[in-house]
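For reference, the structure discussed in these notes is given below.
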Amino acid sequence: EAFLAAFQARIDAEEKIEPNDPMPEGYRRTLIRQIGQHAHSEIVGMLPEGNWITRAPSLRRKAALLAKVQDEGGHGLYLYSAAETLGVSREQMTEELLAGKAKYSSIFNYPTLTWADIGAIGWLVDGAAIMNQIPLCRCSYGPYARAMIRVCKEESFHQRQGYEIMMTLAQGTPGQKEMAQDALNRWWWPSLMMFGPHDSDSQHGDQSMRWKIKRFTNDELRQKFVDATVPQGEYLGLTFPDPELKWNDERGAYDFGAIDWDEFWRVVKGGGPMNRERLAARRKAWDDGAWVREAALAHAEKRRARREATKLAAE
Amino acid sequence: EAFLAAFQARIDAEEKIEPNDPMPEGYRRTLIRQIGQHAHSEIVGMLPEGNWITRAPSLRRKAALLAKVQDEGGHGLYLYSAAETLGVSREQMTEELLAGKAKYSSIFNYPTLTWADIGAIGWLVDGAAIMNQIPLCRCSYGPYARAMIRVCKEESFHQRQGYEIMMTLAQGTPGQKEMAQDALNRWWWPSLMMFGPHDSDSQHGDQSMRWKIKRFTNDELRQKFVDATVPQGEYLGLTFPDPELKWNDERGAYDFGAIDWDEFWRVVKGGGPMNRERLAARRKAWDDGAWVREAALAHAEKRRARREATKLAAE
Amino acid sequence: MGAAATIDRDTLLTLLLRLADDHLVLGHRLSEWCGHAPMLEEDLAMPNMALDLIGQARALYTYAADVEGKGRTEDDLAYLRLEREYLNCLLVERPNGDFAQTMLRQLYFAAFMEPFWKAAASSTDATVAGIAAKAVKEVAYHIRHAGEWVVRLGDGTEESRRRMEDAIEELAPYLDEIFEDDPVTVQASAAGIAPQPSSLRPAFDRIIGPIFAEAGLTFITPPYSQRGGRKGMHGEAMGFLLADLQHIQRTYPGATW
Amino acid sequence: MGAAATIDRDTLLTLLLRLADDHLVLGHRLSEWCGHAPMLEEDLAMPNMALDLIGQARALYTYAADVEGKGRTEDDLAYLRLEREYLNCLLVERPNGDFAQTMLRQLYFAAFMEPFWKAAASSTDATVAGIAAKAVKEVAYHIRHAGEWVVRLGDGTEESRRRMEDAIEELAPYLDEIFEDDPVTVQASAAGIAPQPSSLRPAFDRIIGPIFAEAGLTFITPPYSQRGGRKGMHGEAMGFLLADLQHIQRTYPGATW
């Protein structure tokens, strides 16, 4: 009790918690779950975008997409490292992902059907991710907060790139504009779902707020995202697939329609169009790569043994 | 000795030899080798054409190509059956093919690079095959002769289809015409090589002629093919890649340039562009399909056992 | 069917394109096996079925082009639409997987099309009736051939049984979509042109039931179904299929082949 | 290099396209691994190398377009030629195979390009010299990275060793082609623009030798070599690669992306 109170006092004083500091088991578990999910999302998120690398429509776009997917792998690496400071190994986390026990962002369970989806993912999905992540740069857990600073910088670059793809399409041929509109139609609602259930239905919200792992509620962040994004879409001359979307002068914010929570839960629970395939792709990569990882270990062991032998011989 | 003379007398009298007839071991071995090679050629020959089925440029052509490749599988079946009458199993022949011990027509070790290659294969490769095969319809070994009658009918349909593809291209856009010319350039010499070495260098020629397995020499057939094909190519407005090709009034036949026998032997011995890949593809199909064949056997065995059990119970 | 309400041109066109795309795409998938089948007999049987499917697709596209009345040809419709305009169900575009999955997919589609064509044989639309009369015989062979394999593999070795079970699980989410009614099928059915997909489920079950029983396999109802194909929302494998299918047509616009 | 004979425009264009196509196609192949690598570090390393290659391809196509002087762009050259017009060597278009084959292919290409770029850094052509100066640093990393894997896999487990040996055999026929001189390279070398490929073999061997020695692997000389890429005669996998690469550009002619 005294420990919990002292811990909360550190949090309230905006002190950063560091790996070797004592921390409540719930705090540790919450962070491991959240950082792990976040890392998995980066990894699984490589797949829908990777789907378009070989078909990117110009060399410039191909290079940018390669760089982006590489950045996502990098984010996965920092985040796994941040989680490892809490006493869980990357291997453990990977196994949980592959066993279907750990979650990742549900948005990646939708397929990328056209090139415009690459634009929409950058603009909307990375845009929503940034809304979630900027406050995480001030998260109470030091390693996570520091990882997020780097991640956020790159994400906002990706977001601008995505918007620029949408802009090019929206200003392009009628076919390109249609492609952009279609992508917005398909990605808009899933992007809003990225912020999670309404605050009234959210499981982990309150305690995370007290521990300053989270700093805003799901609904607050969702509203911020809508308010930031709608003018961008209007500037592109695209229409949001929500007849109820309109500016509310009184609230100083956009009103928007009801989210289809049935769809949300269906996708979270495994019923999205790509859930099976995303996990299958990750499992296949992991299984097909087993011999490579084993060989790397075996080689490292041989080297070590040889070094030892040389040292012994020299003595 | 007396047996050999009697056998030769039957051959000379144009009697057909049938499976249960006594025959010299050399006759049997020659036929097994030749029919086996012929069957393997049909099977391996499905690969270069199969390469274009998913990319055929119109539905009509796609259907025709599917039908053609299916016919080739069918020819493989009859020919394996004909060889089986000589006491060798299809499985045995397949294993020899996959082990790289049995030959197949070297022409299939060239890749199909453009759609025009499908036309060129039909026109030239099937055309050359027919030249070889028509006399085989009168081969002294009955089952082989009868198989060849059916094969020849279908092959000549394929040959006309191939020529029609070339015609369409030759009368098409400049790009299509170029594609047709390029295909002729690449397939002409390998087609001439299909008739095998010059008579002076041919190993099996004389004895096969005496046994009426063969009825014309390699060079005779090659000349027939050139004489039949050159006017067809000229009608298309295409140019043969042989500056020495010209009509010889005296011989009443076309003269043509020297064949690159180094290339011929290189491809025969495994050095063609596709030798490795053709065998690898066949091996992969065979290995990947092992569980299917095993299951079919196991199921047949289960059915048989169940039938037996029912019969016993009924007694 | 029976009532003689009318159908508008766009609805009929949509109906025909859905059917044509189903057949084209499944034919494409089957043809990918060409030369790579587990045994020579299957190197004959699979192109044979693919040929039936491509033939049916041709008849359907030709009629669709006719109905559309814009001077497009079967090839324009088959080759020159955008991915989002292809209306095939998701089942037919699923990657081949192994031979078990390919045969099960084939059986499912054929067991749906057989009652479909039987009903469509008495379509008020003479062209549809004509296509159906021919197709119904072909599809009976597909059921027999694929069904025999499902039995052999289900009741074969331990491995083949595991693979069949995996295939059942893999394809389960894509089955409900083919039986889905919507305004297009409602109108087509009211006009006596083609049956409501949902009405074919009992016949489908009567085909699949005995085959699964003989194979010792259990039909599963998946927790979630996938839909979207009829609205042009495909899986990620579809774009690569179309890249191959369309490559030459796109590379040489306007050429005749 | 050194002498200052001149080079004609078509020859220079051919030289540049060969190089550009090599880099584009190898970058394409590497990028196919994206999200499917054996470990996360390789999901970073492979796109990283692909990015270097695509970057070099862009510089080379841009310069080639400039030399051609017909108003074509880097994308026109990269996306809108026919298969028979791509001039890459066969090595780079070989399918990825397993990770051993991918890393060996990468090592071979990098061990060829490293001395190439070193020599080209003092090219009489300032643009080529500029591209080379940047590329030479990048390619050194490719050698290090791929070389380390060849050592680890060659001297790892029994399985990894077998796979490396298979990769060596698989790629052996495609190695001689990259060292082949022809009138294009002769002229380029005489004009001091780029080295003769054959002249780079000793440097290549000096790179590969120690790596293979450390890995305990034996370099093999195959009975036959394959050539043709420099004349646009590719393997059967190339057409499928191009179908993917070109699909969007071909589908939306004239659009800006």
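Here the chain labels run A, B, C and D in written order, and each chain numbers its own residues starting at 1.
As a convention for this text, contacts are C-beta pairs under 8 Å (C-beta built on N, C-alpha and C of every residue); 3 or more make two chains touch, one makes a residue touch a chain.
Here the structure is a predicted model, which means the values were calculated and not measured.
Where touching is counted per the definition, the chains common to subunit A and subunit B are C, D.
Across A-C and B-C, the chain pair carrying more C-beta contacts is B-C. When every chain is reduced to the mean of its CA atoms, the largest separation from subunit D belongs to C. Put simply, the C-alpha centre of subunit B and that of subunit D have 37 angstrom between them. Subunit C and subunit D have Cα centroids separated by 42 Å.
Shown for subunit A are the residues that touch two or more other chains, namely 55, 175.
For subunit C, residues touching at least two other chains, in rising order: 82, 239, 243-244, 247.
Contacts between chains form some other arrangement here, matching none of path, ring, star or all-to-all. Contact between chains, using the touch rule, shows up for A-C, A-D, B-C, B-D, C-D.
Only residues 48, 51, 55, 111-114, 175, 182, 186, 266, 269-271, 273-274, 276-277 of subunit A touch subunit C when the two sit together in their complex.
On the side of subunit D, the complex with subunit A involves touching residues 24, 28, 31-32, 34-44, 47-48, 50-51, 54-55, 57-58, 61, 74-75, 78-79, 98-99, 151-153, 155-157, 159-160, 163, 241, 244-245, 247-249, 252, 254-257.
Those residues of subunit D that touch subunit B in the complex are listed here as 82-84, 170, 173, 223-224, 226, 228, 233-236, 239, 243. Of all the residues in subunit C, the ones that touch subunit D in their complex are 82, 239-240, 242-244, 246-247, 250-251, 253. Across the complex, subunit B meets subunit C through its residues 43, 46-47, 50, 53-63, 66-67, 69-70, 73-74, 76-77, 80, 90, 115, 165, 168, 172-173, 175-176, 281, 284-285, 288-296, 298-299, 302.
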